[in-house]
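Order as written gives the chain letters A, B and C; numbering starts at 1 within each chain.
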Amino acid sequence: MILLFTDYGSADPYSGLMRAAIWAHAPDVAIVDLLHEAPSFNTRASAHLLSAMSACFPIGSVCVAVVDPGVGSARSAVVMHADEKWYVGPDNGLLSVVAGRALQSELWRIDWRPEYLSDSFHGRDLFAPIAAWIDRGAFPHSKLSEIERLNIGLDYSDLAEVIYIDHYGNIMTGMRAAQIQRNAQFLFGSSTIEFARVFSDGLSGRPFWYKNSLGLVEFALNGASAALFLGAQVGDQFELYLPD
Amino acid sequence: MILLFTDYGSADPYSGLMRAAIWAHAPDVAIVDLLHEAPSFNTRASAHLLSAMSACFPIGSVCVAVVDPGVGSARSAVVMHADEKWYVGPDNGLLSVVAGRALQSELWRIDWRPEYLSDSFHGRDLFAPIAAWIDRGAFPHSKLSEIERLNIGLDYSDLAEVIYIDHYGNIMTGMRAAQIQRNAQFLFGSSTIEFARVFSDGLSGRPFWYKNSLGLVEFALNGASAALFLGAQVGDQFELYLPD
Amino acid sequence: MILLFTDYGSADPYSGLMRAAIWAHAPDVAIVDLLHEAPSFNTRASAHLLSAMSACFPIGSVCVAVVDPGVGSARSAVVMHADEKWYVGPDNGLLSVVAGRALQSELWRIDWRPEYLSDSFHGRDLFAPIAAWIDRGAFPHSKLSEIERLNIGLDYSDLAEVIYIDHYGNIMTGMRAAQIQRNAQFLFGSSTIEFARVFSDGLSGRPFWYKNSLGLVEFALNGASAALFLGAQVGDQFELYLPD
C-alpha cells in the first residue's frame, strides 16, 4: 500500500498525476489519498501531522510525503525506513519528526535522477517511481546512498501549536494526548479550554479538548466550529496549564 | 464494492484513514468515495440523499454511511441488508429512509467492539472492519445480533426541503420526481419555479426545476448558481403547487 | 487505466457515481481522478488544459473528458483515438485541441443510447460504459459510427489566456513554454512578468513565469498567491513581449 501525504490540494490535478505516475511503474498498487491539504508553508506543522498519522500506516507500507516549497533548489531527497514503514520525500524537515521518534530507522539519499525531471513536480517525476519500486519489492539500491542522518532535523518533542484545522472547524494540535491528565487545561488566546470525552459531552457554546482519533490533543466545539469561535489558524501557539 | 457516504470532508484525512482501515482487512476491495460532504448537522437531509443515491449502488455492494454527530455517545451501530444491498453505520436515523422504503430488509446491531475504539472515529475503527468482512463474504455473525427495527426511524415520505447544494449551485431536494407532473410549480421563498427538461431549455436568469440524475426534483439556473440566486441552504423548505 | 477529467466538482458525488458506473462494466480497471475542477463555463480553457495533461497519459489509456454545459441538448458524443490514447466525451470543442495537435487520430460518433439515459449525467450513463468497454479491450464497434472530423473545432494554437488557477494561486496559461525564450516577458494587466527557473529563485513579492510540470507557461509568486496578487481569473488574457 502507498499512502499519499501532500499539500498538492485535493481539488487540483497534482495528486491524480502522481497516482498515474505510480501506477505506470507499479500497476496493481493500492494507493490511499491520505491528505493533500497539509499546511503548505509550515513544514513543522506538517511534520507533526505526518508523525501522528503514521501510527495508522500498515507495516510495510510506503508513504510519499511532499510538502516542498523548496522543490527544484538544492535540498536533497530521501528514503527512510522507520519502525518497519517506508517514507519517500524531501529532506527539508518534513520527515524529521517521524525520524526522531522512531525506535529504529535507516536512511538513504536519492542520487538517481529520471530522464525527465521537472523543476516543480518531484512528486510525480522522482518520488513516485521510487515509491513504486519499493512497494513492488524492487528496492532501488543502485539509485540510493545510505546516509547517517537527515540534513534538516526539527525538534520532535510535543508542539504546543495548531497543526491542522478540519472542515468541521476542529483544531488539531501537535501535542500527544497520552501523557496529559484529564484535569489539564489549555490557554488559547483569552480562552481556557477544559477536557470532555466526546462531542456530546461538550457544553453548548464552550470549546473543550479531547484526545482525537490520531492520539492528539484537539480543540472542538459541540455542533459548531471551534476554529471560528477561537479565531484559530495553523501555527497559532497556546499553553498547557495544570491546576493543582 | 464498498461505497463511502460520509460527512468526513473531501479535503480532510478521515476518508483516507477509513480507506486504509478497510484495505487492512480486505486488501483487494474496490472502494468508491461517493460523497464526503453529506450535510453534517442534518441527519434527515443526509438520510434522504443516501436513499436517492442507493438506486445507483450495485446489487451486493456495501455502503459505509457515516453522518454521526453523536459518535461516542450511547447510539447503537447497525448493519442493514435492504433490497440486496448492504449498509453499515450508526443507528441515528441516517439509514432509516432507505429502510422505510425497502421492499425487503434485515437488521443487525453491532455488538462487537475492536481492541482499540476511538471515541470519535467509529468509521475507521468499527464500521470499516465490519464492512470489509461483509464485502469479503465473511459475514461476522458472532459480532452481531439480529434486531427487529432501527431505534431511530425518520419519516421516509418525500421531503419538501433542500437536501444538498452542489458546486454548480444546483439545489437537490428530498422530493422524488417520478410522481410529479411537469406542470407542477414550486414556491421557494418569493420565487415560483417551473419545469424545464434540460439546462439549455432553461430561460436565462430564471430558475427552473427538472428531474435530476438521482430521480429527485432539483432547482437549477442555466449557466449560473440557483443557490446564490435563491439564497438557498440545506434544510430550507418549499411548497409544491399544482395549477388546475 | 481510465483517467477522469471533468468539471463535476471534487467535493460533489458525481465523480464517485461515474466511478461506480465504470466499475459496474469493468470491475478491475484502475481509475485516476485527474481533475474534477476543470473550468465549467469555459470549454476552450478546459480543452487547452486537457491537451497539456494528455502528455502524462499512458499509451493505451482511456480519458473520460466531460465539461458539458449542453448535456441533454443536440450536441453529439464521440470517441477519439489520438496518438495511441483514447478519449470519450461530448463533441463541444473539449476534445478539439487534443485532436488538432495529434499526429494521428481516428474519430467515432456514439450512436448507442443506454436503456436509461438521464438528461443531465451522460458521464455516468453514456461515457462510463463506453470507456469501460474500450479499456477492457471490447471496442464497441456496433455502437459507433466512424466520422471524419469533430463538429466543433476550436483554434488549437497557443492560447494567451489563463486556463487554470490552482490552490496555491499559481496561474496556468494556454501557452506552451517549449518555444518561448527565457528573456521573454509577459504583460498581465499593468504587471510585467519575467522568467525564474524555480520558486526559490523568484524575487520576494514579485510574480515570475516559469515552465510548469505540464510544459505550460505559469505565473507564480514565491510563497504567496500570484492569482491574488495579479487579480487573475480563468479566461483573462495577457501579452507576450520579446525584448530586443
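FYI, contacts are C-beta pairs under 8 Å (C-beta built on N, C-alpha and C of every residue); 3 or more make two chains touch, one makes a residue touch a chain.
This one's a predicted model, so the numbers in the text were calculated from it and none came from an experiment.
Annotation: the chain A:chain B pair of sequence copies touches via predominantly different residues, less than half of the used numbers being shared.
A rotation of 120° superposes the C-alpha trace of chain B on that of chain C, rounded to the nearest 5.
Chain A and chain B have Cα centroids separated by 30 Å. In chain A, 10-11 are the positions where the chain touches two or more neighbouring chains simultaneously. Of all residues in chain A, those touching chain C in their complex are 9-14, 16-17, 19-21, 23-24, 27, 40-41, 69-73, 118-121, 124-125. Interface of chain B with chain C (complex): residues 1, 3, 10-11, 30, 32-37, 53, 56-58, 166-168, 197-200, 210-213, 223.
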